[in-house]
Structure formats: C-alpha cells, structure tokens
Amino acid sequence: MSNSSSPIRVLVWGENRHEKIEPHVAEIYPDGMHTTIAAGITENLGDRARVSTTTLDEPEHGLTDDVLADTDVLVWWGHAAHGEVADEVVDRVHQHVLSGMGLVVLHSAHWSKIFGKLMGTTCTLRWRSERDRELVWTVDATHPITEGVPNPIIIDQQEMYGETFDIPAPDELIFISSFTGGEVFRSGCTFRRGNGRIFFFSPGDQDYPVYHHKDVRRVIANGVAWATTDRPRRIPTLLRYDTDDFYNGHGYTGPIAD
Amino acid sequence: MSNSSSPIRVLVWGENRHEKIEPHVAEIYPDGMHTTIAAGITENLGDRARVSTTTLDEPEHGLTDDVLADTDVLVWWGHAAHGEVADEVVDRVHQHVLSGMGLVVLHSAHWSKIFGKLMGTTCTLRWRSERDRELVWTVDATHPITEGVPNPIIIDQQEMYGETFDIPAPDELIFISSFTGGEVFRSGCTFRRGNGRIFFFSPGDQDYPVYHHKDVRRVIANGVAWATTDRPRRIPTLLRYDTDDFYNGHGYTGPIAD
Amino acid sequence: MSNSSSPIRVLVWGENRHEKIEPHVAEIYPDGMHTTIAAGITENLGDRARVSTTTLDEPEHGLTDDVLADTDVLVWWGHAAHGEVADEVVDRVHQHVLSGMGLVVLHSAHWSKIFGKLMGTTCTLRWRSERDRELVWTVDATHPITEGVPNPIIIDQQEMYGETFDIPAPDELIFISSFTGGEVFRSGCTFRRGNGRIFFFSPGDQDYPVYHHKDVRRVIANGVAWATTDRPRRIPTLLRYDTDDFYNGHGYTGPIAD
Amino acid sequence: MSNSSSPIRVLVWGENRHEKIEPHVAEIYPDGMHTTIAAGITENLGDRARVSTTTLDEPEHGLTDDVLADTDVLVWWGHAAHGEVADEVVDRVHQHVLSGMGLVVLHSAHWSKIFGKLMGTTCTLRWRSERDRELVWTVDATHPITEGVPNPIIIDQQEMYGETFDIPAPDELIFISSFTGGEVFRSGCTFRRGNGRIFFFSPGDQDYPVYHHKDVRRVIANGVAWATTDRPRRIPTLLRYDTDDFYNGHGYTGPIAD
C-alpha cells in the first residue's frame, strides 16, 4: 500500500531539435518542449512530484546510470533524431524500465528506439500533418489516467496518427482518438513490461501547442502518477530453486551441467 | 484440427418489427432484415454454410431447444422489442452459447437481453441517428474476421454509436469506427464465454441499407466462420476429482457434507 | 488523483451459515467468518478503512440501497446458501457495482448470484476438499494487490479449486495457485465491469483457518484498496448527443420515432 | 476464409548441440530433437503440412532470406547456444515474423534472442531440473490449440519452469502447468506481433523424451496450424495519407519538411 510521502522523481527527456531548427516550433516552445511538458506535470502534481528535464545533446543524453537510478518515471519525447540516441543508452533505459522505472512515451516517440525495443514490433502507423482536429475519447472511464479530463478532450489542431498501429495489444486501452479526416487511433495505452509500467499517449506534435493544453497536461500527469511503483528496483533474474525451498534461489551456472 | 466438411448451420434471428411498422424500413428490406443478413452470409460462405432464419413472432421466438441444438452459430438482430423476448428463451440461448454455440450480435442487439446477460454490464453507449458516415477501421490486421475487407470500410450513412461503450474489455478488439461527427466506437469485438464464441459487430441500423453493403456482409460471414466450433456441445459442469484421478469427475452433492 | 483522506467504507458480507450449523467451522470462526475477514482488513488498512459487516439473515440481507450507497467496497463470502439471496437484492448490488462500488469476491462466492451475473458464465470449476496444501504464486509482480506478500503464499490446508475455471478471461491475472494433487487455478483475477472494479480471490474455505492467515489477509486488504474508486457513483446511461455537442446528452425516448 | 489446399510450409529449427555433446540426449534423440519434433508435426498434420528441418551449424543457421520467404511457420528449439545465433539472422527472422510468418517457440527458447526481441522483456523464470512430473492444464477449453488433448496432459519427467515468468501478458493464456514441487507456469501462451502469430509452449527439455509424447506432439501441431496465416507477407510500413484518400499511402520522406 503505497503511502509514501516522498515525491515522485520525474525526468522529462526531450530531443530538443525542432525547437532549435524550426522557428515556428521555437515560438510555441521557447524553452523547449521538455520544459513545457515538465511544467504541466508540476502544475498537476505539485508537491507530489519533483520534476527535472534533460535532452539528447547532454553527455550520454543526460541518462547516466546514476540519473536513471534516481528517476521514478521517465517521460520521453523524440521525433527527428531517434537514430542519434546511442544503443548503449537505450539498453540502459531498457534495463531500468524492466527493473521498475516507469516510462511515459509521448507522441512520435512511438518510433523511439526504447519504445520499439520494449514492444518488439514496428510501431508504425498512418499519418498526415494537416491541422486535423483531434478528439480524444475515454474508453476506460474509471482508470486513474482518465481522472479529471472531459470526454472527449478536444485538441484544435494536431497531426493525424491512424490505425492500423502496429503495437502489441495493450494491457489496457484508455483512449481512442478520431481526427477531422475520419481516422481513428488508440491514443492512450498501457503496457507492463518486466517490473515497469509504460503509458503511451499520442497527442503532442511539435507543430501545434498541444503541451499547453490543460487536459493533455492532466493526462500526462495522471500517467506519471500511474507509472510510479514503490517496489524496490530489481531486474527479473533467472534463479534455480531446490524442491521445497520456494524462497532461496540460486544463480545460474550455464545450460550444460559439468 | 477442424476439417469437417459438413456445412456450418447458421440461424439468423430477426426481430422483424421495424420492417412491418415503418414503410421506409420495409422499402430497404422488403423481405425483412434477417433475410438480407442471411443472403449476405450465403453470398460469402456458399456451400460452407446452411443458413436459415426465424423471427420474434414465431412460437418461442423460433428458438426451441431442438432448433438451438441444430444451430452452430446464431446471428441476432433486435432493437425495438428487446423487452418482448421471453426470459425463458434468453436463458435457453444463454445455455447453448455457454455450451459452445457461436453468437454474432449485430448493431442494436448490444441492448438485447442475451448480450447483456453474457456481458454482465449495461452495454450502453452514446448515439445519434443523423446519417453520419461511418468508417470502420481495422485494428487487428491478421484476424480472420478482417479478411477480404478494405481498411477502412466506408458506410455512407449510419446511426452513430459512440464511446464510452459499457462492455467488459473485449478479448480481441477487431474494428474501431469513427463517425462524421467525430465520435469513435469499438465496433468489432470478440468475447469467449463458456465454450462459446461471441462476435459483436455494430454496423447495421434499420434506417439505412447497411446489410446490402458488400464489406459488411463479408465481415458478418467471417464472424460466423470464426464463431463456429466443432467441439461437442457441452455446458461446463462442477465436478469433484479425487486425488490422482484427473479424468473421472464426480457429480456435486451439495455444499454441506452429510 | 485520489488523495482523499476519508477512509474507505468497507462492508464485509457473510453468509454465516456454516458457522451456525457446523461445530468445526464455529470453532475456527467463533464470531463468524465475516468478522475475521473484517479484522484482517482493519489489521492491514488501519485508519485508511472503516470496516463493518452484515449477513444473509439480516432484513434484505443487510444490503439496502442506503447501505450500499454508503459502501465503497463490498466483500462477499457465500457458499451453502447462494440460492437464498433474493434476486432483487442481487440486482441492487449489481447496479451499485456497475455504478462504481468495488467488489471483492472470496472463495466459493465464485458461485454467488452476483458474481455469475457480472461474469455471464457458469463460473464452474473442478474441486476436492481433502486438505491439499495450496501455493499461491504471483504472476503480476508489480500489481498493487501483490504488495507485501511472499511468492508463493503457503496455505497448509485448503479446498482444491482447479481449472478449467469457466470465467471470462480476466482483465488482469494476478495469482495462480497449485495444490498438493497437482491441480492449478487462476486464484487471483481482476475484472472491470461498468464503473466498478472486481477482485476475485479464491483462498478461503470454511473448513480451514485460511482467513487467519497473515498473507491472505494482506491480499484481501490490498484488493479492497485496489477496488476503491473516488469517482462519483453513477450508472452508465444511454444518451443521445447532437452533432458537435459532445457534452450535453439527451435522454432516450424509445426505439421508434413518433 | 482460408481454404487454401496448399500445405503449410513448416521449418523446424534445432540448435542441435546437446544431442552432439551429451550421450544421454543423443540416446533419446538419435537424429536430433528437431527431427523428432518435425516427425510429430507430420504425424498430426499429415498432408496438411510440408515439414523440413535445419540447424544452428548450417550456413546462416539455415535461415537465409529465401528459406524464410518459403516458410509459413518456423518452430524454434534452442538452449545452450542462444548466444551463437548471429544478430543479423535474428533481425531477419524478426522481420519475417512481423511480416506474417508464424513462430512456435519451444521450451528453453524462451531465452532465445528472437523471442526476447519480440517480447521486449527478460523472459526469465524460476527453474529446477530434477525430474518433476509436469501436468499441463487447459485454461482455454475451446481454443484450436487445445483440440484433441486430455486435461491435463501428464508428462512424467520434466524440467521445472516456474512463475514469475517475465513476459508481457499474453494475448491468450492457453495452458498452465504445475510441477511435482508445487510450482506453476504459464506453459502455453499466444502473442500477436506485427502480422505474425507466436505460440510459446514450454514442455520439452532435452534431458527427457518429451517430444516423443503423443499429446505434446499434438499441441505443437495444433500450434503450427494456428500460427499459419494466408495473408500476403508484408511488413507494416509508415505511410502518409491525404485527407479523404484512405487507400493510397505515400512513402515517408523524413521528420522535417524541406
């Protein structure tokens, strides 16, 4: 029964490239998208969270083992530079997620290396960026992630993401979006992998001010709270158990006995 | 490995009231909606199915125990007269589904007694009948029910059914629809209950010629094929098993030993 | 984000027949099984819960509409007298669950009217009461319901419940049990129905002191906490929505327009 | 409606190391485990399948692109030499599975690179190899994979694999095993990934004659039939769709417009 009074340690990771290269994005997000996303989490969780940010261009992308060990939930936004994220860092994040770190995957991070590695599929979809209105409909009305948001959430302008979205069937389908053009998308999904909880939420293209949207911020904050676990961080490990000894596992010594 | 050459015995049950009362429905379905639905199944399954029909106004609604025992898959369309279906007949159908009879639930039969009894929820939703265009998107691209239909299926005019649809999370989510007004709906869902397989497919209001639509007919036929089992029909039964005797169950004699 | 400081209002419903009729049960549970179950919840949740009890022989089985409206989570134990529970009361409980009241279903309540009505299946299984040891294994290692219990939980003597258990595929499979005789059982399962959350947990036969077991008590308390929602209680209702008016639903006036 | 009369093209991949190194394994499987597994499939599917085999020591492990393109379902057994499988070959198999090739993953292949890549988790578990009896219980009584086998399947001697098994929640849970020592395991699970279907089935350690077991052979053959799709093989691909053009996708030209 998680009653811990210590705040959730949240780290928002931003690719931070569009903001630097494209003036229209910089105008919407003058301090970077990650800063706006972080502000939205603080706006909703207040003292319940301690929110910081880091970006791709930091050494080791700002994701050293120490940093990850000090993070309860990692929020990931990436788009133009997925390929620049070092495989070694991806492996490190993967291990932390499987050990119990929460992960909130935003928008085009559906194609991030870390999400693909966790899902095992192409994570591809259909798309169009033509200022469609997105309506985000609640499918799971009592899920903690849907608390406090209207049904639907109305986003005036957004990139269209449409089905078929090549992901494993989610553990929980939370939101389905529609777009002006008539496409639909499973826009809010949860997945458990190892000891970690993952929430994918698709609204949030860099071309539109989606992370200034009150309801979108609330959903992300809800997702952060949901993805938090207070269990000790621990990677699942192969152990041998003697008959009638259920609690003392022994380390693995290889597939062929001496 | 089901290789049986005997045809699937399909029974299409129609409420058959709108067709009698409302001229504009009779114009679309002069022989009744059930007849058109049946023709669509035959069109697609040919010799693989033996399709018959029955209606609410038949004695016992055409659903005697003998008829159900001779049915592999029951297709159900109802709307205006759910309340007229006798509870005794609903219980009988329920027992046959749990024993292995397939059930295809169409459109407003989401509110039929039999579907509610199998789901355990209100099965309610949001709706509007204003000639919305419905787009039926494939979510599960390799499911046998989606075989041979385009993504999306375009239905020019339909009643809108929208989320939140109060059903249990389906075992498989096959289709999601959107409507002109922007609403979305889990329009194709499968459920296993007891030894029976259930496919819910929402397109098909009486006010529009939906069951004349080539792709809708294909989906219903696919659903019939999917819902068929060749296992012997058998209701799950409580049995007591002695230690080390895994295969010979004994009948129940009551909760308190003599 | 549910931060409410008011305690969870828990009501433990006990059939309370074995305790009156069978001396060996009365010896294990001198104040009734419901009292012991309630004590276990209080032991674990402390001030977080306000726990009361009621039984079958109370007027309306102690489950008036006022009582249910004042209950966040109902815990149900029944076995010998499922048939004595009035259908009217079952319907009332059903409405409250679909409206958001949590329900924890214990042991032989798999065959209670309320669980069957919510599941839609026979809920039957294989069984034997011969003092098998039950091991309760954790499948979902980070689920809040598994917090604080060993893997496995060891119950020295229990009734055997075995597969195939005729329930809908659970939303989450939390525990799987094995028994001395080698049988297995999905012993901890969650289901969402309407706005309500349901946790089924099978350990707990009247012939053995299972509800005095520390870990079993912890799981039940965890299940109570998990099944609680702080959303307003509300039954899902059919509403018509005009195009472009997403938030103001209109009441239903019948299937055939005037 | 898959009515194709052409046989399922099955390829059984065997690591084939234990058979060469360990005399007691060679005695059970004189022609290699892969040969025995293949024979079991032919025994059950007859003319419905064309079964061939290949092994780790073949060039490119016998898994060239041409070979995979000619394979409907790949059956994988590996244990001692997972690390010797070239990443390049694993990537190739991964692409074929996501494009629609079926995959049946046997026993210790839970730790194969290909299964881990598809699952995204550690796929670890608890184990012991001490001649436990394994009972394989049917959870999903009408699934085609359970057709024709007793409940339970009794395997006299087997390695123990126990929970917690670190996999994503399976799309369908088919079998649960118990072992003499009391452990339980989700021994039969299905997963859909991309356009491919995956069946994991755990019985089958090299130290015991499990692949000579009639029921185990039947389950594997059922799994092969289930994992087959007759849809064209095709990798899911990102495509842009213009508004109102639902069927003609355009190729991706990069994340930042010129």
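In order of appearance the chains are A, B, C and D, and numbering begins at 1 in each one.
The rule is simple: contacts are C-beta pairs under 8 Å (C-beta built on N, C-alpha and C of every residue); 3 or more make two chains touch, one makes a residue touch a chain.
Given the structure is predicted, the values throughout are model-derived calculations rather than measurements.
Colleague: Taking each chain's centre as the mean of its C-alpha atoms, give the chain farthest from chain A.
Modeller: B
Colleague: Which chain pair is joined by more contacting C-beta pairs, A-D or C-D?
Modeller: Between C-D and A-D, the larger count of C-beta pairs in contact belongs to A-D.
Colleague: Any idea how many Å lie between the Cα centroids of chain B and chain D?
Modeller: 33
Colleague: So the centre of each chain is just the mean of its C-alpha atoms; given that, what is the distance between chain A and chain D in Å?
Modeller: Computed value for the inter-centroid distance: 30 Å.
Colleague: Taking each chain's centre as the mean position of its Cα atoms, how many Å separate chain C from chain D?
Modeller: Computed value for the inter-centroid distance: 37 Å.
Colleague: For chain C, what residues touch not just one other chain but two or more?
Modeller: 135, 140-141, 151-152, 162, 164, 169, 171-172, 180, 182-183, 192, 236, 246
Colleague: Which residues of chain D touch chain A in the complex?
Modeller: 18, 21-22, 79-80, 98, 108, 111, 117-122, 124-128, 130, 132, 160, 162, 164, 166, 168-169, 171, 180-183, 191-194, 235-244, 246, 249, 255-256
Colleague: Quick check on the complex: what are the chain D residues that touch chain B?
Modeller: Those in contact with chain B are residues 1-2, 44-45, 48, 100, 135, 140-142, 144, 147-148, 150-152, 154, 171-172, 192, 195-197, 221-222, 225, 229, 231, 236, 246-247.
Colleague: What residues on chain C touch chain D, complex-wise?
Modeller: The contact residues of chain C facing chain D are 133, 135, 137-141, 151-152, 162-165, 169, 172-173, 176-178, 180, 182-184, 186.
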